[in-house]
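I have placed the structure first, in the form of structure tokens, so that the comments after it can refer back to it.
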Amino acid sequence: MSQDKHITIQQAAEIIKDGSSLTFSGFTIWRRPFAIVYELIRQYRKNLHLIEVNGGPQTEFLVGAGCVDIWESCWVGHELYGKYGANLSRKVADKEIIVEDYSHAEMLFRFVAGASGAPYAVTQTSLGTDIHNPEYDMLGKAGLRDGKRIAKEKYVFTEDPFFDGGQVVHVPAAKVDVALLCVQQVGEEGTVRVDGQFYSDPEVARAADITIVMAEEIVPEEYLRRNADQNTIASFEVDHIVQCPYGAHPTGMFGHYDVDGPFLKDFYSGTRTQEGYDAFAKEWIHGLDHHSYLEKLGWPRILKMRANSALNFCPREKKGGN
Amino acid sequence: MSQDKHITIQQAAEIIKDGSSLTFSGFTIWRRPFAIVYELIRQYRKNLHLIEVNGGPQTEFLVGAGCVDIWESCWVGHELYGKYGANLSRKVADKEIIVEDYSHAEMLFRFVAGASGAPYAVTQTSLGTDIHNPEYDMLGKAGLRDGKRIAKEKYVFTEDPFFDGGQVVHVPAAKVDVALLCVQQVGEEGTVRVDGQFYSDPEVARAADITIVMAEEIVPEEYLRRNADQNTIASFEVDHIVQCPYGAHPTGMFGHYDVDGPFLKDFYSGTRTQEGYDAFAKEWIHGLDHHSYLEKLGWPRILKMRANSALNFCPREKKGGN
Amino acid sequence: MSDFASPEEYGLADLLCCAAAHEVQDNEVVFAGTGLPMVAIMLAQQTHAPDLKLIFEAGTLDGRPLELPTSVGDARCEMGSSRASGLNDAFSIAQRGYVDLGFLGGAEVDLYGNVNTTCIGDYLDPDLRLTGSGGNPDINSFASRTVFIMVHEKRRFVENTSYITSPGWRVKKWPGGEFVHRKELYGSAYRGGPSAIISTMGVFRFADEEDGHMYLDTCHPGVTPQQIQEQCQFKLDVSRIQGETLVPTREELHFIHDVLDPDEIFIPKVKK
Amino acid sequence: MSDFASPEEYGLADLLCCAAAHEVQDNEVVFAGTGLPMVAIMLAQQTHAPDLKLIFEAGTLDGRPLELPTSVGDARCEMGSSRASGLNDAFSIAQRGYVDLGFLGGAEVDLYGNVNTTCIGDYLDPDLRLTGSGGNPDINSFASRTVFIMVHEKRRFVENTSYITSPGWRVKKWPGGEFVHRKELYGSAYRGGPSAIISTMGVFRFADEEDGHMYLDTCHPGVTPQQIQEQCQFKLDVSRIQGETLVPTREELHFIHDVLDPDEIFIPKVKK
């Protein structure tokens, strides 16, 4: 047995310091580590640099709360429940945040490179677009490209010398201080088993210097090791573990619960202004902890989202049924 | 239901033409597609270009038979059962084969690049070694670097422009005509489920233009799709499927049977000369098919290697035991 | 089989969905985004293209969802799929050249099929920041054909997009930013480009590969070429028009409303 | 605890195995090759380093095999491991810098720890082609420390290796091939290099990072520094010798022969 990796939600949030770079598990509105995200907001974390394969509600909640200085990614929104990221949009218009745009595949390949210790990735995606417009290198314009955590260049063009394949773009490895993951199961020693799509979780965990895994349940390590070929992330890649049922709410968790669409819709429509955001945060974030948050949501709402074990999602109520 | 992907061992071998480039599933002495390899030798295939993450008995059998002109890889041997590749070694001494040496990680990253459609991979492995000696670019010396299937350069050095990280080496993507896989289960539509370590099988399958999967069993596609997160390779990446129990013998198959160590030892010690190889091939390859090969091995030998289902390997007989 | 519905039996979303489904050929590998394209692809799967292979960007390969997902990361995507994994699989497969067809959306499009989903106005001082690229440029870079589904407004069919998020037939060559044919940049990774735009007014295609400008292929029922030209900032090529967009059949409407989207998540039923 | 075995109770392979095990510190991530290193690492796991994390190159992470694998691709590797996957995981983890210690072998070694496993004689016209590199250079490039276990013969401890397969402390800078310190090439990927060679005659270490030449640390029981020098082509630094290599304890011998390798797959029992 290794050293004890268990921590609390509060301790998890405290590991992320003002000015840290941060990334997350999940995909748009699925498996986002919300219980810790809420706690970061409660702890008034500042100057965060989010580096995300893609954004989602967690981005919007943190950006709206003023926790974020730099957002480096490709997309933010709430899917069906809110077409774009209104908080980010507002802060962009007000020039309160630096946005560095890459394409989705570029962000993914940047994490693949970071996870495999390569300084950069090679791709041919998005050639000819304004993503590669040299005038739109926002971290460069802000003088933040120190070559340490933030690469000296946004990208570098070259030509394929091996197969005369045309233009090639090199994008820098993602280097991140902390990855926050939210998954179904983690073992006591840190082994992670994700059910369903694992999105970019393995790359995100490996690219970060510190990896914190929040899980629906902490299970005996030996249980997971009985079928090692079904596990997603190895024990020693995980530094800290937190058990937190429903920790992804309002985002969904394959096999456990669906996305809370009405909650996200309310958030989207209510937080287009800063006043709206502050009111929402006052009601749903500050002064609560995870348990009182669940109490506030209430049993009917939570049970309505519960996944069917044969399907791994919550089948929609048919018209007239209930 | 898609088009019928079932073929026979003979048909599988016929897909690989003289002069094709070829790669395999497995790792050294595990999960090598031997039934098809034997058939290639029976069909007197010539001028093959093997590109392997690592070599093993399959390399030695094909090289000894004179099927191979070019071997591009990093290692060949029989692990505990034969310390090096005596057939390859003989043909190298006789200058009957071109060997292009990369490191193991370089070969792997070359396949990762090929599998992801990138023209090359970025790594910092093996810097300062003779693997990068420009005098030892054997395909270049042979005038074979046409920039089509064989890259124009063996490698290209550059410096990390993003983080001042030092010397970086670019290695060309692996481009292969055919990948031959040998696995536990394949579905009727091509979905592959590998149990245990999957080695570099997913990359190898995706890098090749044609992927042939030989499996211990062909199972109903729907069975595999019930737990899609346990599958290894997607249906549409597989072009042809063959059912062939014990098709990996004399190499091992996780969950089914162990390596036939004595068989490999006999091969290693008996085939150091061409005459020895020819005698071995006459006894164990030519004039046989897969069924008569199994008959020749005999039940006691096969049962002795059978894996225990709880362990996935065949526990060693204890001294004094049976 | 040409059991076409009468005008009061279908809505605009039905028409777009069926037009999109018609773009799919059987056995193709199709990359789907969230929303109407999902329904369109699943409709094709139910009708003329039973062996299409559906890829969701978040990481499901050859999926056959039982219930309509609301996003590509949805738990519903996994059901019946050949492999549930992650983005590295999806994008590697795309870059490797497996994808025949991708469905995408956009806020603005220009004559050459360059699409913007990033911002309205000057990027450095935008009027409105949108979602950002997502996988739009990636799918558009790697698929042999891409089809865009868009609302048709004059502010969306523009002379110059505020930002090129997703590459059309003539794109910017950096560092200078002069327009060149996409072939010149993509080299051996070139496999095609935008093949159709299905707007709320008509279906548009692109002239031969060398030129790559948009032309009007069919008008939706009740819409004239002139009305469409009025809703384009650029001069639209109407010389090749082939008539009217095919209207949905009753069978297609049955699949859309009774099988695929009974809860009207993406496609509302027509009030009769 | 210093229940050292007497000379007739252990063999040379036992001595090497225990010396190798002593190189492992608890909690380290250790990359194991086939053979004696496997037994050594599992011995460390059973004794002073219960929390070491064992990685096999073929793709098992943090493994706890029940029965000794005969290769890193063996079905025996998976048992009890945290994750069974593939080479991309193993090498990505290594390049990412997770690996503290790697165990390797070699046919030839020079003063700076450059190791050859590729060929004997001129590469372009070799006397003997060997197995090739395998993962030797990769582990040696990325691990913080590497330990080589080698047969000690004069033809193996050489002035210049026939081929540098695996990088020592002073390596060749291409295209010229002049020798430079490995730091100069590896830059930020530099994490260390060869830390010990355990030969059949003694244990060797390397001088401070800047210089990196090999020196004799301990002689195996009954071997003199002079005998070792006679079996080296290069002038060996014997100025720092610390005495004799620690002999196995009875506890270690118990684990090796009764628990880890009862079938004498890698380590023969001493005939008593």
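The first chain written gets the first letter, and so on, giving A, B, C and D; residue counts start at 1 in each chain.
Simple rule for what comes next: a contact is a pair of C-beta atoms (placed from the backbone, for glycine too) under 8 Å apart; a residue touches a chain by one contact, two chains touch by 3 or more.
Keep in mind it's a predicted model, so treat the numbers as computed, not measured.
Student: Which chains are shared contacts of chain A and chain C?
Tutor: Common neighbours, chain A/chain C: B.
Student: Does B-D or B-C have the larger number of C-beta pairs in contact?
Tutor: B-D
Student: Need the CA-centroid distance for the pair chain B / chain D, whole Å please.
Tutor: That pair's centroid distance is 27 Å.
Student: Approximately how many whole Å separate the CA-defined centres of chain A and chain D?
Tutor: 41
Student: Touching two or more other chains, which residues of chain D qualify?
Tutor: 60, 78-79, 84-85, 88, 91, 94-95, 142, 188-189
Student: For chain A, which residues are shared contacts with two or more other chains?
Tutor: In chain A, residues 117-119, 123-124, 160, 163-165, 196-198, 229 touch at least two other chains, as defined above.
Student: Each pair of chains that touch: what are they?
Tutor: A-B, A-C, A-D, B-C, B-D
Student: Could you please specify the touching residues of chain A with respect to chain C in the complex?
Tutor: So the residues of chain A in touch with chain C come to 26-30, 53-55, 73-77, 79-80, 83-85, 88-89, 92-93, 99, 101-106, 108-109, 112, 123-136, 157, 160, 163-167, 196-203, 252, 254-255, 258-259, 261, 307, 311-313, 315-316, 318-319.
Student: Taking the touch rule as given, give the residues of chain C at its contact with chain B in the complex, in rising order.
Tutor: 27, 29, 50-51, 53, 60-64, 78, 80-85, 88-89, 91-98, 142, 188-189
Student: So in the complex, which bits of chain A are touching chain D?
Tutor: Residues 1-3, 115-119, 187, 189-191, 206, 224-225, 228-229, 231-237 of chain A touch chain D in their complex.
Student: Note which residues of chain C are touching chain A in the complex, please.
Tutor: Residues 34-35, 57-60, 66-67, 70-79, 84-88, 91, 94-95, 114, 118-119, 123-124, 126-138, 141-142, 163-167, 171-175, 177, 180, 182, 185-190, 262-263, 265.
Student: For the complex, which residues does chain B have touching chain A?
Tutor: 113, 117-124, 147-148, 151-153, 156, 160-165, 168, 170, 172-173, 175, 194-198, 229-230
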